[in-house]
Structures are given as C-alpha cells and as structure tokens.
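My questions all concern the structure below.
First chain written, first letter: the chains are A, B, C and D, and each begins at residue 1.
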Amino acid sequence: MSSLQSLDVVARSATTLPTPQIRTAAPHVAKLIDESKCIGCKACQVACMNWNDLRDDIGNNVGVYDNPSDLTPSSWTVMKFFEVEPTEGNLEWLIRKDGCMHCEDPGCLKACPSPGAIVKYANGIVDFVSENCIGCGYCVKGCPFDVPRISQKDNKAYKCTLCSDRVSVGLEPACVKTCPTGAISYGTKDDMVAYGNRRAEELKERGHQNAGLYNPEGVGGTHVMYVLKHADKPQLEDLPANPSVSPLVSLWKGTTKPLAVASMLGAMVLGFFHYMKVGPIEEKEKTEKEGA
Amino acid sequence: MTNSWTDIKNTDLVLIMGGNAAEAHPCGFKWVTEAMQQRKAKLIVVDPRFTRSAAVADYYAPIRVGTDIAFLAGVINYLLSKDRIHLDYVKLNTDATFLTKEGYAFEDGFFSGYNGERRSYDKSTWGYQTGKDGYVLTDDTLQNPLCVFQQMKKHYARYTPELVSRITGTPQDQFLKVCEMLAATSAPDKVMTICYALGWTQHTVGSQNIRTMAMIQLLLGNMGRPGGGVNALRGHANVQGITDMCAYSEVLSGYLSAPTDADDTRAKYLETRTGKPLRPNQMAFTQNFPKWHTSLMKAYYGNAATKDNQFAYDWLPKRDAAYDILAMFERMHQGKMNGFLCQGFNPLAAVPNKKKLSAGLAKLKFLVVMDPLETETSEFWKNYGPLNDVDPTKIATEVFRFPTSCFAEETGTFTNSSRVISWKEKAVDPPGLAKPDSEIIARLFVKLREMYAKDGGTLPEPIAALNWPYINASAPHPAELLREINGRALADVMSPPDPKNPAAPPTVLVKAGDQLPGFAMLRDDGSTSCGNWIYAGCWGPTGNLTARRDNSDPTGLGVFPNWGFAWPANRRILYNRASADANGKPWDPSRKYLAWNGSSWAGGADIPDIRPDAAPEQGVGAFIMNPEGVARLHAVGMAEGPFPEHYEPFETPVGVNLMCPTNAKAVSNPAARVYKGDLEAFGRKEEFPYAATTYRLTEHLHYWTKHSRSNAIVQPAPFVEIGVDLAKEKGIRQGDRVRVKSNRGEVVAACVVTKRMKALDVNGKKVHHVGIPIHWGFKGVTQNGYLANALTPFVGDANSQTPEFKAFLVNIEKA
Amino acid sequence: MDMDRRQFFRVSGAGLAASSLVALGFSPARAIAETRAFKLARTTETRSICPYCSVSCGLVMYTLGDKAKNVKASIVHVEGDPDHPVNRGTLCPKGAGVMDMIQSPGRVKVPQVREPGTSTWKNISWDEALTRVARHLKADRDANLVATNDKGVTVNRWNSTGFLLSSAASNESGYLSVKVARGLGMVALDTQARI
Amino acid sequence: MARMLQRYSDSERMNHWFIALTFVLAGLSGLAFFHPAFFFFVNLFGGGSWARILHPLLGLLMVAGFALLFAKLWRDNLINAADHEWRKKMGEMLRGNKAAMPPVGKYNFGQKVTFWAMAISLAVLLVTGVMFWRPWFAPLFPIGLLRVAVLLHSIAAVVLILSTIMHVYAAIWVKGTLRAMTRGTVTEGWAQVNHPLWHEQVSKGN
C-alpha cells in the first residue's frame, strides 16, 4: 500500500524524458538539524535502525565516541564528534548528525545509470529504489557529501530515506520524533528555512557570531539543513564549504552523453552516405590500367 | 526533585554540576534547551570532564573530582560577602535568624563534639537555643554573632576564591564568573535551578554536597518557586517509587523511621517521631506520625492489628545496626549472612570493590536472583577468564535464578523523578516461564505460610496474620495493591472536633470500605488502613488517578495537574508557599504560582503546600515537614556537621585538606564509616597518582542496556578516557589498550584520548583525571569487559552510605 | 557550464534512435517507485513507560495482531508517546532501543538452579524452585530470628538473610516485597536508590 | 584465377574475431550504462546487475585479446615519414581518388592511427575501469580520483567505438579487404591498389 504514485515522482535516474511534472503545488518537506541543541546522544541512530529494521555489526572502540565510525549500509545516520578550538583557549565539542542531505539537484540521481534506481519525490525526498539498483557505485561518485554506501552482502546502495514511508502516510521521520532536545525539527522547506534563520539569529545573540543556516546553493539547496554554530567554517565538521555536483560528474553525465552518442551514430550515418556518394574502392582498378 | 521536569522550562539559569543531565536524562534535558531558547536562560556546566551537557552549555568550568563542597562553599562566601542574597526570602523561609547554642564551635576541621574512636559527633552543642515556651530564640536584625546567619558568614569566610581555586583546580576567573552568574538570580524576579545526580551523591560527603547547594538556593531565594528548587535527576524509572516504598532497613513505607532497639515500647517509638512545632503556628506536619504508622500496621496486619496488641508493634522487626548494601556485603564477607534475595539488582556490577563482593557471595548458603536478564551477579560463580577469575568448585553457594517479567510485561505504576505516579498497562506476556516480581514474592510467601501452618517454627504468628486479602493469593492484582497503598476506611471516618463550635456532632467524612481521598483522613485509632501515606489520594473514591492522561497545562507553567498523580496530594512543586512573599504576593508576577487571595491559597497553578486557609499574617512557614516550619541552613540531622565543610575523598591526589592542613585526622570525612580492612585497601597517591571517576554514557543505562543490540551498536566496547597531556606523558595513543589499576583491582580497555579532560593545577601541582564508564561486564551482547567497580573504594557517605564511586585513585599504563 | 540535463536530452539525436528501438518492444519495464508499506498499520498500540531513567518517558508499544486469541502478540516497534507531557514523543538512545532489551537473547526464560560446586545451570520447575527457596528461608529464619535482645526488649529481627529490592519493578511489586520482608521480620533490606 | 597473397595467419584472425566479439559484448553492456536509451541492452546479459558484473570481465578479456594481437602488429604500425605524405593527401583518398595516394606498406596512415587510437583507449579503459571496479578496487581510491576515472573511461570508450566504426567502414569501403580477416588472403589486385610496397615485399618473398 504505497500512497506515492508516479505523479509524485518528479525525477528518476537514467530517464531521458521528464517524469510527470504536474504536481507543482506539492509541499517540499525539510529536516532541520540545529547543532546548538544536539547533545550527540545517538537517539536518532537508534530510532532509525529500529524503524527501518536495520542492525549493524557491533564494532569496537577505536578511541572515539563515533560508533559506528562512519555511515555504513546498515547505519543510515551516524553522529560525528569534533573537538575543535575555533577561538584559542575555548574548546568546543561540535557534534553533527551525518546522513543524506536530500539535495534539490541530487548528484547521485544524476550519476546513476540504472533507470528508476534513484527517484526524487514531489516533496523533495531522494530515495533509492533497491530493486532497480545494479550496484555499480556511480551514486558514490555523484554525491558531493559522500553519503551512499554499497552493501558487500547484496551490492545495493543504501542511505537515509528521510522515512519516505512515514512521510507518505503523514508522519514525521523517526529521528525527528525521537530527538530528545528538539535539535531535529521537520516541516515544509520554507518553514524550516525560516526557523533555521531565526535560530541562527538567536545563536548570534548568545555569542556565536558566525552562526548560520547551512543550505548549500551549489546543489540547489537541501531538504536536510543544519544550523551551524560556525557556518563560516563548515569544514570544522567535515562539511564541504560550498558543495555542488562535481563538474567532472556534470561533464560525464551532462554534455558528453548526447554528444558521444550523436558522434557514434553520426559516424555510421556518415559512413553510409560516404559509401553512397564515393562508392567503394574497387580491387580491379589495377587490371584495367594493365589492359590499357 | 522538589520541582518537576517540565518546570525546568520556567528557569532563568540552569546549573548542571555533580551530574550530566544531557547524557543521563536526555528527554528531561529538553526542558533545559527549551528554557534556553524560550526564556534566553543560560546553562552552566561544572564537571571534571567537558561532557555532552557542556557541548550545548553557555559556560563550562572544570573542577577536580570530590571538591564540590569547596566550590559551592566559595559561592556561599561570594554571596554573603558581596550581599548578593534575597534577604526578604531568607528571613521569611530559613532559620537565618535563629540563635545557635553557645557551645557550638568549629575548629581546624572538626565541629564541637567530635569523638575520634567512634568517628561520630555528640550533637548536643548543635541546634538552636529554645526559650521556656519551647520555641526557638531569634534575632531579626541578623547582627547577633550567634545567629545562624553570622555563624554561616564566619564559617564560609574561610573559602576565599584563591583557596577555592587551589583546592578545586578551577581557574579563579572561571570560578568567579560562575559565582557572578549564580548571584544574579538573587533578584526576586530571577530564578535558577540545579540539576544534579550521582556526580554529587556518590561521595563520602555526598549528602553535604547537596545540602550546600540547597543552602545556596535558599540564600538566592529559589526554593519552592517555578523554575527553581533542587532537582535530583534519579537513575531508574522507579527508583523514586521504590524509595517511597522504603525498601531500606532505616525506614518503613512513607519515610516512617523504623523502630530500633531503643524504641522498646510503641508509645516511646511514636513519641520520638512525632514532631512538635518549634515556632508558633507551624504545621509541623510530622505531628501526624501516629496516624500514618497505625494505618500502615492495619494495611500489614488488618484485623490482627488491634489496640490491645499495640497494633502488632512487636511483630515489626527492630533494627540494631546498619543494614545498608555496604553493611550487608561486609556481614556477608564476615560469613554472618546465609541467604540473599537479589530482585532486579546487579550488585556484583553496581557495588564497589568487586573482589570483596565476590568473596562475600561465595560465603552464602543460598542466593536467589530474580531478574529479567542474565546478570553478572547470578553468575558470580562462573569463570569468565580475566573478566571473572573464580574457581566454581570452591564456591558452595546454591544459586537460584528466577525469570521475571520486565516493565513491558507488567501492569502497574512507576513514580518518576518529579514524584508523578503513572499507571501503565501490560503490552505483551513475559517470555518463557517468566513471572512478574509481585507474583513470585506472593507465591514464595504463600508457600512459606503453608510450611509454617503445617510444621510451625520460630514466631509463626506474624506470618499467619499478614493481611493477604487478594482475590488470587498467589498473584495479587496491581489494582488491588494500589488501592491498598492508597488506603481505605475500615470504619466510618469521623470529622475532627470543629474549634469554632465544639458542640457540633462529628460528621462522617469517609464511609467504611471507601477509598480515602487523602492523608488528612488517616486516623490513629485503627479505623483507617494505608500502605503508604504519601501516596494517599492516588486511588481515592473517584478512581485510579494515576491512570489520568489529560495533558493540559492551563497556566503554561508546565504543571500538568491532571496527568497521573503526584505525591504528596498531587502537589507538583514542593514548598510552593515560598513562591510568594510575606503577604502572599508572588515574588515574580510573570511566573505567578501561588497567591493569597484574602481567604485562601487555593486557585493558583498548583495544590498549595500549606494549609489552604493559613493566612500569611499567621506566619505559617513554607517548609511544613520541619518543626520550625522553615528551611534549615544550620542542620542538626547531618552526621558530619551542621554546616557543610570541605573534606577530601578517602583516596586523595593531594594528600592534605587545604582547609585544615595541620589536622591529619580531618583530611577525609571524619564521620564516614570505614570498616576494618577497607582502610588498608585505600590507595596512596604515590602509587596511584591519578584522580579517577566512574560515570555513565548516554547510550547505556548502567549494566542493563549491554543486553540490547541497538545500544551495543552505538556504544560497543569498554573504554577509559584520559586527557591529551596525560596521554602524552604516558605515550598512549588514541585507541590503544590500557590497563587501569587501583589498590583493589584492575580494568583493561580501549583508551579515548581527548581534549575534553585537561590537567588541573591543584595546590601548585598538576592533577590528571582518568574517566571510566561503567557499562560493560562479562554478560551481554556488547563486547565484554571488566566491571569498572573492580576499582572503586568500599566506603560510603556518612549519612546515606552511598559509595564513593566518583573520586578515587588509579594508575594507568599501556596494556 | 552544465546545461540543464533535461533540455539537452530533448535536442540530442539519441532520443530518436532510442524511441525507434523502443518501438521494437525493447523498452525497460516502467517500474513506478513506491515507498515501503506503512509498518504499523493494524498493529495494537499499548501506552507504557520507559523502564530506564527517571524521566519515565511515555512509550507507545506496537504489538502484532489485534489481541485475537490465536495471536501471540510480540512487540514490532516502540516509539515515544506524543501525549506524555514530559517527553512529548521523544526518546533517548536507550528508550528508542528498548525493544532490543525486551527481546534480548540475554532474557532469562526458565527458573534455574546452580548446585553448589558445579559450573552450569540446571533448568527446574517453578514449584521445585519456590519450594527449595522457601525451605531455605524457613530454615534460616527459624534458626536465626532473634526474639529479644540482651536487654530483654522484644525485637523479632531476622538479619541473616538480606533482600535487595528492584528499582525497576512497579510500585505494587515494591510495596508487596517490602510488606512480605517486614512480615518475615527482615531488617537487612536495601535498594538501588542508595547506589 | 588471380593469385592470392597471405595477409594474416589463422591465429591472428581468430585473435581478431575474439577481440571483435568481446568488443561487442563489453561495448553493449558498457553502452547500457553509458546512456539510458541503451539501458535495455542489459537484458542481453540477464539484467542490470549481471551487466554490471560481466562488463569488467568482458573488458578484461578484450584487453587480453588485444594485447596478444598488439604484440604481433605494433611494429608494422609505427608511423614513419611516408605516412605524413599520405596524411597530406588524405582528402583525395576520401574523395575516392585512390590513385593520387603515395605507395603504402602493410598499413596506411589511417590504419595506423586507428590501431594506436584503439591501443591507447583500451589502455585507458583498463586502468580507469579497474580503479572503479566494485567491490574489490573502488574502495581503494578517493572519490575525487574515481570521478576522473569514470569520465576518462567514458571518453576512452567513445574513442574506441569511433575507431572501430572507422575500422569496420574502411573494411567495407575498400573492396576485398574483408576477406583478409575472413579468409586470411587477399587478391594480388587488391594488394597492388592499396598496399603496393607490401605487395612488392610479399611477392619478392615467395
């Protein structure tokens, strides 16, 4: 029972003609992660694995609080801990909930060669449709945030789905509901942008001069946004300063495709007309010269 | 908690000290972030480590483990010397004006009346001077040097900022910044709240840690007010509930002090516990003690408890000594204990000095463990290599393990930190043959009763007479039990004589058989029964109020009066009379909680914590449980002194108490009980130079969630935490395996090297901290590890015997 | 530099060739993307309280089936109770993972005894377990209950068996355990609250 | 019956057709990923995942085959001075004026360029292909490098395909060439018209 029909799919990977674009009034949803309220408790990790029935392996402690230490096919969101001193002398412990940013112009969808393996819904969620995934790993190259993970067990790509199943029946994502301090909030994109900017102003009042909303334009804005205490230095927390789909990927998936296909087919057509016009090079030409 | 979780959103300043609210109580901590966002409140964290609470705090200050009293005493000195106190509040609600006895003194680390051999105080020189009419003498001008206010000023003048910084290692500027932020809430319209937990209680000066903060809250005028109070963030869902049911040797259900050998007759027992006002018009609520105790005995023994058998007073066991958990294991260790029932508790992991516990358990004849999970305690006899190196053939204890249901498989109530009792329904059946705890205890008792009926034995009468009115004797239904706890009228409860017209015949307040609406209906003539007087009212005539789910909050102050039932009498903030000034006007109009409307206190946001018709001019104090009706800055009840004094932990990295450097006997708490054998087991700083503390992480709940796969994934393996500079000194890199040793045992784990634990400058020397999370053992789905309590010292707080898990000495090296 | 992908494809020649091949019936299956069916549809909701810390968050336990007789209900999901005034639907990492504790492989499922000196558990019935423990308790109480102390005061105390009570069980279980303990004359009682 | 000259040995021909076969298979599966319109080719390999699994293996086979032939023919394909002359007159050739072309050895300049284009693009295909070959090698390389690799892989593939189209058309365009690879022999007339220097060399030989 899925309540998202084809009209709700606004973009599909490896599909030359556009999908139905009629639902222009569908609200764009967004998740806002307010780092200033995040206590790194990993409730979102646990809620995510419980809702999606995932259980990663039980790893080991490698001397940090990050467990597991990176996104994996079975851990779609992971807390990353950064001990930084932006201003000399006062230590800050920045904690960031890592996971899919659900970009407006998703690099993964652009890079994916398999039709329908990656879709973007009208509400902005970018989702993997695992039956169509062929495990080629192109999405890993396409993503500016290094999010998709390919499973060794089934060679399928996995990432946060922004709980597309909950959202499709009107519920908020599992991590949003469980976040104890309300660091994660959810709503329409406009509301979340407005709330994020207001939070940034409030943080400025509390002394974080460079607080700001992280909603990178390079990928057309994202449906998962951060309020960062140091929005001027996102790299402090392994966040690209102004991410965009790599020009190499755009080149690879943008202009070369039609040009190359045109050149190949064009070459064949050219050869055909060349043959018709110039005609073949005969073998016997030698004998006639002898004869003459 | 004196206030409640949702009340925290009303505060202007949150101090998190002696606790780590963000990690240990994340969902409660939401109300701190709510206050920060909505009211622009500030959050200060003072902790040896830069915890995840500090990650979102406005201000963080480091402190050496075990020196909280020095820090807070320095704050008191700051408040008193700079006159940053809420004077009207102090004069109205505290004993500041009372005169102390002439004999009271404090000299070089000891209060007057110290007895070195018995390590205890003769308290005759403490307390207030009382006049011939039995009321205390006061000096409202606060100038008399004997008044509590001046005594306090003199006592705390010694805690200069410079000395406090030298003891605690907190840089002086940071200490003064915290003092100033706290002092700001002395303004009548400003309130602060303190969120603390085991970081304060688990010291040999634990109780005094909390008292010092309570004194600060009184001086700042924050007790009993929305957004104020002293809030203990307790560890377990129903630890407040089991505390109220008083599963302790010292008290009976409802905090009724239990009889000891000295209480040879019931009259003497009641007389010493019935409070009498020490000031005119005080409610001295403990004057109702006989009603509570008689009702409890009727609940226990029903018809068998009558006037002529002193309401079964003799059947109540009298206590002759201490039987707290440390005392019990000491007796076990001495071979004096034969049996041990261990219900939902994992002492081998949770009690200090694992080696001693293991030896004690091995001397038992039988051990019965009742737990939903396979605990370390139930398998103390099994060899798990270095994690539990024992020889089963040498352990003769017969060990039973009963499968019990867990919370999801048991209908009943929990009481949370905010004293709210909430009813929950069973979701699923217990797995296999597991049964609820109540059913197991009931079946055990019924079998014992049969055995005594058939074969007799020592003192069979109380067993035969124990009131067992349950429809299914071997499985009492929670509803029956909660109604019994609430109490009901055994005979018609008559109204007390009306002072205005004494001739009027008494009216029937509660018909026989009905549930009691509240503890005001309890009688000492045997006409009422009540299992726990503070819970009276939770299942009154209108039904089970604990099951109420109306989450409306009409005043917006986070009171939620119709959600569940808060004891006592559904009051959500204790001492809330103190939220209004002398003539009944709220201190802060924007947070109007209680006000005197000319004829009554009712109609405010909460049930008044005072007689509703007690007009302000009568001067009825807000602290109705105390005979003097006001809060105690000078508290006689404390074992180690009426005013909190800094004492070093028993294993101190400094070796001397800088408050009394010459008195070698007052380095550590002179009144703490130390068993022979444990004194020798204390490590010295020469061999164990680093100050260690044990604590929990947000991903785990003690030794319980290591059985849960989800939590194992997000925090898989044991580790210890050290600062970057200690790591450099020891050549330890991030992730190396390290061995941490104390004088009692060792732990091997991975090592987290972090900037969040800096070395502190204490008395001119560098003191490093070693942090040891406690969550791993040799059972569970996580990576197994050593029990952290192999390291901890076997000594407890002088008043509560809570062990000193938070400050001891270790050494660390690469494993 | 990156022309909008869609416009460019429209003009490219490839589309012509593709459509002709498509005409030959080679087109890939048009799978419509669909989200996962809603996991909690038709489950039974039970409101409960988290057993872990003393915030006592409200829980909603979703169990299989609609309480029909032939269904062995087991928990399929746990979430915060949005109506509970303290946690308002949120849960911490412990509460959010409480299902894994309830269904942990570490659950004890049958009464067991470890005979003295042995190194394994032996499964026994409830009746045998309760009888043997009751016999132990009676033997110890009969032998060690002190009726009067040396000053002749009636004390009726039995201190040779200790009882640690659970801070995780309900108030009702706690009350009954204290009532039975006091009824048997025990003085050596304690609970987690002290630690 | 006109005399036949031996152009290629049997093993060379088998090797050539092996390369051609693997080229078609690797090419089709590669094209399936290259452009959505060609994605249906994956059905020839049993679906998307199988195409992704087989494509690298087929690629390796092709490279191996090509390497064998390369070892035999690369000396004949070294570009020398004469070729530059031929290149200048290439416009004439395309207009079919064969006679205007300078005499050529075993391979003319066009054939040499095609040979080297194929060799280089196959080398690039091999290196870049292995770099992002999941799951064994891709994890070893940083994502930035892999993006370069996939781009180069695509470009090299297009170059290879274009060269092959050129190669096939030339074989059709110049009558009598095909039999060189299908039978191994060419007519003397063909040799004199197209590869006079090679013709003299071979005639002197036997």
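The rule is simple: contacts are C-beta pairs under 8 Å (C-beta built on N, C-alpha and C of every residue); 3 or more make two chains touch, one makes a residue touch a chain.
Worth saying up front: this structure is predicted, and the values here are computed from it rather than measured.
Visitor: Count the C-beta pairs in contact for every pair of chains, then give the pair with the highest total.
Guide: B-C
Visitor: From the centre of chain C, which other chain's Cα mean sits the farthest off?
Guide: Of all the other chains, the one whose centre lies farthest from chain C is D.
Visitor: Which chain is most central here if centres come from C-alpha coordinates alone?
Guide: That would be chain C.
Visitor: Can you compute the centre-to-centre distance for chain A and chain D, using the mean CA position of each chain? Integer Å is fine.
Guide: The computed centroid separation for chain A versus chain D comes out at 39 Å.
Visitor: How many angstrom lie between the CA centroids of chain A and chain C, rounded to a whole number?
Guide: The answer is 36 Å.
Visitor: Just how far, in Å, is the C-alpha centre of chain B from the one of chain A?
Guide: 49
Visitor: Between chain C and chain D, what distance separates the C-alpha centroids? Give it in angstrom.
Guide: 67
Visitor: What are the residues of chain D that contact at least two other chains?
Guide: Answer for chain D, listing residues that touch two or more other chains: 35-37, 39.
Visitor: If you look at chain B, which of its residues touch at least two other chains?
Guide: 26-27, 30, 698-699, 709-711, 714, 781
Visitor: Could you tell me which residues belong to chain A and also touch two or more other chains?
Guide: 16, 41-43, 45-46, 49-50, 115, 132, 180, 182, 251, 257, 261
Visitor: Once bound in the complex, which stretches of chain A touch chain D?
Guide: Chain A reaches chain D through residues 14-16, 113-115, 132-138, 140-141, 146, 150, 152, 155, 246, 248-249, 251-252, 256-257, 260-261, 263-264, 267-268, 271, 274-275, 278-287.
Visitor: Quick one: in the complex, what on chain A touches chain B?
Guide: Spelled out, the residues of chain A in touch with chain B are 36-43, 45-46, 49-50, 55-65, 67-68, 75, 83, 85, 91-95, 180-183, 202, 205-207.
Visitor: Okay, in this complex, where on chain A does chain C touch?
Guide: Going by the criterion above, the answer is residues 1-6, 9, 12, 16-18, 41-43, 45-47, 49-51, 110, 115-116, 119, 121, 127, 129, 131-132, 161, 164-169, 174, 177-180, 182, 245, 247, 250-251, 253-255, 257-259, 261-262, 265-266.
Visitor: Which stretch or stretches of chain C touch chain B in the complex?
Guide: That would be residues 46-58, 61, 63, 72-75, 80, 83-88, 90-102, 104-119, 121, 126, 129-138, 140-145, 147, 149, 151, 153-195 of chain C.
Visitor: Can you list the residues on chain C that touch chain A in the complex?
Guide: 1-3, 5-6, 8-9, 11-15, 17-18, 28, 30-39, 41, 77-80, 82, 87, 89-93, 95-97, 99-100
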